[in-house]
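Below is one structure, written out as structure tokens, with a few remarks after it.
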Amino acid sequence: MIIILFGVFLLALLVITALAIVRTDNLFAAVILTGIFSLLMAANFFLLDAADVALTEAAIGAGISTVLFLGALALTGERERGGSTNRLLALGVVTVTTLIVIYATFDKPRLGDPDAPVHQHVGPWYLEKTPALIDIPNAVTAVLASFRGYDTLGEVFVVFTAGIGVLFLLSAGRGGRTEEIRPADAPGPGLRHYLVPRVVGRMLIPFIFLFGLYVQFHGDYGPGGGFQAGAIVAAAVILYALLEGEAQALRALPMSVLKWLVAGGALLYGAIGVASMFLGGNFLDYSVLASDPITGQHIGIIVIELGVGITVTGVLLCVFHAFAARGKV
Amino acid sequence: MYYAVTIATLVTMALALVRALLGPSIYDRLLAANMFGTKTVLLLSVVAFLYGRPDFLDLALVYALINFIGVIAVLEFIRERADTDSAQKNSGE
Amino acid sequence: MAMTIDILSWIMLTAGGAFVFIGGLGALRMPNLYTRMHAASLTDTMGAVLVIGGIMMQAGLTLATIKLAAILLFLLLTSPTASNALASAAILSGLQPEEGPIKPRKNAE
Amino acid sequence: MEILGLVYYWVFAILLMIGFYAVIAKPNLIKKLIGLSIFQAAVFLLYITMGKVEGGTAPIFQDGVSLYSNPLPQVLILTAIVVGISTMALGLGIVVRIKEEYGSIEEDEIQELDRK
């Protein structure tokens, strides 16, 4: 009960933040407020029992989305001209629609109602069958990787396609990416002259990597999995790029390797599906991967989570480098 | 007792949000966002114990580890912009 | 013994909550960016140490305590770093700290 | 309690429409994208709200706990968040190209340039 009150308080802050984001005409400020919005969102997800979702929102919202938006702002300018087009009409439409949606919510089941239609269909079935068929504690991972493996395959390919799309858009024209030429005495790229962030950042990067791997492989037992781990590992590399300059980060993980990661993860996922077909099962039916169906499930889940993680890392890093390189040409 | 800490954290979040809304400069907003991050770490740790599921501390750990990347990114953004500005000034002379 | 630990952890939690709140108040009421940063970061670290220390005492010797210790360690590393980066960025963009006594605001008590 | 159970849905509706307002009324393309992400976040909130079960806990099995929230909405939203950031990056990429071609990211100015 009191937790719900906490949740409502967080929701009020959420609405205020959203209003402020829309009202401000400085895009830089809007991006920073988006960071606060993401923190509030994660806290709300956590209060609503969605630990995995909150972890994903944390991994994406703390860092990566800010970095991407700032990368785009550096190329487009941070000042908005301000004002709205058709303000009254838009306000009218929005108000009327809000009232209609709020009116409609009175027919919805109340928060936490165990008899709600959502809880009558496959949800309880997943919860009931997970221990018997897959035998891992995290039901979210079980549903994500095994029961609804097709969905996740589709999502991974959407991520893949978006990554390829950004590469197409931003590496074309203007002679593509060229090696950056700087005079020798110019201040070095990155934050080399800022000792405190550099020293502490360099010290933390291994821990972020380690934690990313923990989230990747502990995903069967606690909150975590490929999507979160991919974002965390990407955040570590982005931190390295910010501290030492993109050129240095590209020397450590060249673009060609990143492109292989993007394709390789998705391929690994698909390959597991094909492998299970060859072994006599259905596409993405991991039970045939080992003599014991449950062991087969475990192997399948670990491998496809790895594929997801690799693709997400690759795509996020490709996107980051594409924006960074565009600014330098 | 956990509830008292949670309420203190929530109220502080509201105060930080007010600072983020008032500004006046970008950096005040950024400061507020950064405070918000620390407060979220505390909130998540306390709520994990309120729920009796301490294995969810991973979430607070993520924020403790990578929340400062946003501020670093802003520093890099400002530095990049200052570099470009001074380069333009030099070439203009 | 258990009682002592309980009382100690309650004291820490309450004090931590108070510090967190004071930090928030300082960040709201201080007159300019650098003083606000001082209020926010100083009490932030103190509040975090006390709150997480209090929870650690409640948790006892479990995996959770180790995770809490890691959270505390990383917070203590990243929070000042973020403040440093923030101040660097502010100075770089030409927002100089004011020298001399702070001018009282008109609406200050 | 009756009403409190609906507040989450109301916030969903309000957030949805704040995002929608930014998309239809703000001429700046990046602002439109930010509005779109608020819109998206509102939908995430709706799904997660529906998955919550009173007295339940997160669907990660633990000894001594028998009531769990619904894992299915969480799975859908978990993947949607990552897909959301990837598509947002794609949108930002398109905006960057528009800026390079037109020199502006304000919708009406771009339309003006197109008419010429």
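In this document, chain identifiers A, B, C and D correspond to the written order of the chains, with residue numbering beginning at 1 in each.
By definition in this document, a contact is a pair of C-beta atoms (placed from the backbone, for glycine too) under 8 Å apart; a residue touches a chain by one contact, two chains touch by 3 or more.
Bear in mind the structure is a predicted one, so any value in this text is a computation, not a measurement.
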{"item": "Most heavily contacting chain pair (counted by C-beta pairs in contact)", "value": "A-D"}
{"item": "Centroid spacing, where centroids are CA-atom means, of subunit A and subunit D in whole angstrom", "value": "13"}
{"item": "Euclidean distance of C-alpha centroids - subunit A vs subunit B, Å", "value": "18"}
{"item": "Geometric centre distance via CA averages, subunit D-subunit C, whole Å", "value": "31"}
{"item": "Of all residues in subunit D, the ones touching two or more other chains", "value": "57-58, 60, 62"}
{"item": "Residues of subunit B engaged with two or more neighbouring chains", "value": "13, 30, 32, 53, 55-56, 58, 61, 65, 67, 72, 74-75, 79"}
{"item": "Contacts with two or more other chains, residues of subunit C listed in rising order", "value": "74, 78, 81, 85, 88"}
{"item": "Complete list of chain pairs which touch one another", "value": "A-B, A-C, A-D, B-C, B-D"}
{"item": "Subunit B to subunit D touching residues, read off their complex", "value": "51-53, 55-56"}
{"item": "Residue ranges of subunit C in contact with subunit A within the complex", "value": "74, 77-78, 80-81, 84-85, 88"}
{"item": "Complex contact set, residues of subunit D against subunit A", "value": "1-2, 4-22, 24-28, 30-31, 34-35, 37-38, 41, 44-45, 48-62, 68-83, 85-90, 92-97, 99-100, 105-108"}
{"item": "Touch list for subunit A against partner subunit D, complex", "value": "1, 4-5, 7-8, 11, 14-15, 18-19, 21-22, 27, 30-31, 34, 37, 41, 44-45, 48-53, 56-57, 60, 64-65, 68-69, 71-73, 75-77, 80-81, 83-87, 90-91, 93-95, 97-98, 101-102, 105-106, 108, 110-114, 116, 118-119, 122-124, 126-127, 130-131, 137-140, 142-144, 148, 151-152, 155, 158-159, 162-163, 165-166, 169-170, 173-174, 221-223, 225, 227, 230-231, 312, 315-316, 319, 322-323, 326"}
{"item": "Sites on subunit B touched by subunit A in the complex", "value": "3, 6, 10, 13-14, 17, 20-21, 23, 26, 29-30, 32-33, 36-37, 40, 43-44, 47, 50, 53, 55-56, 58-59, 61-63, 65-67, 69-70, 72-77, 79-81, 83"}
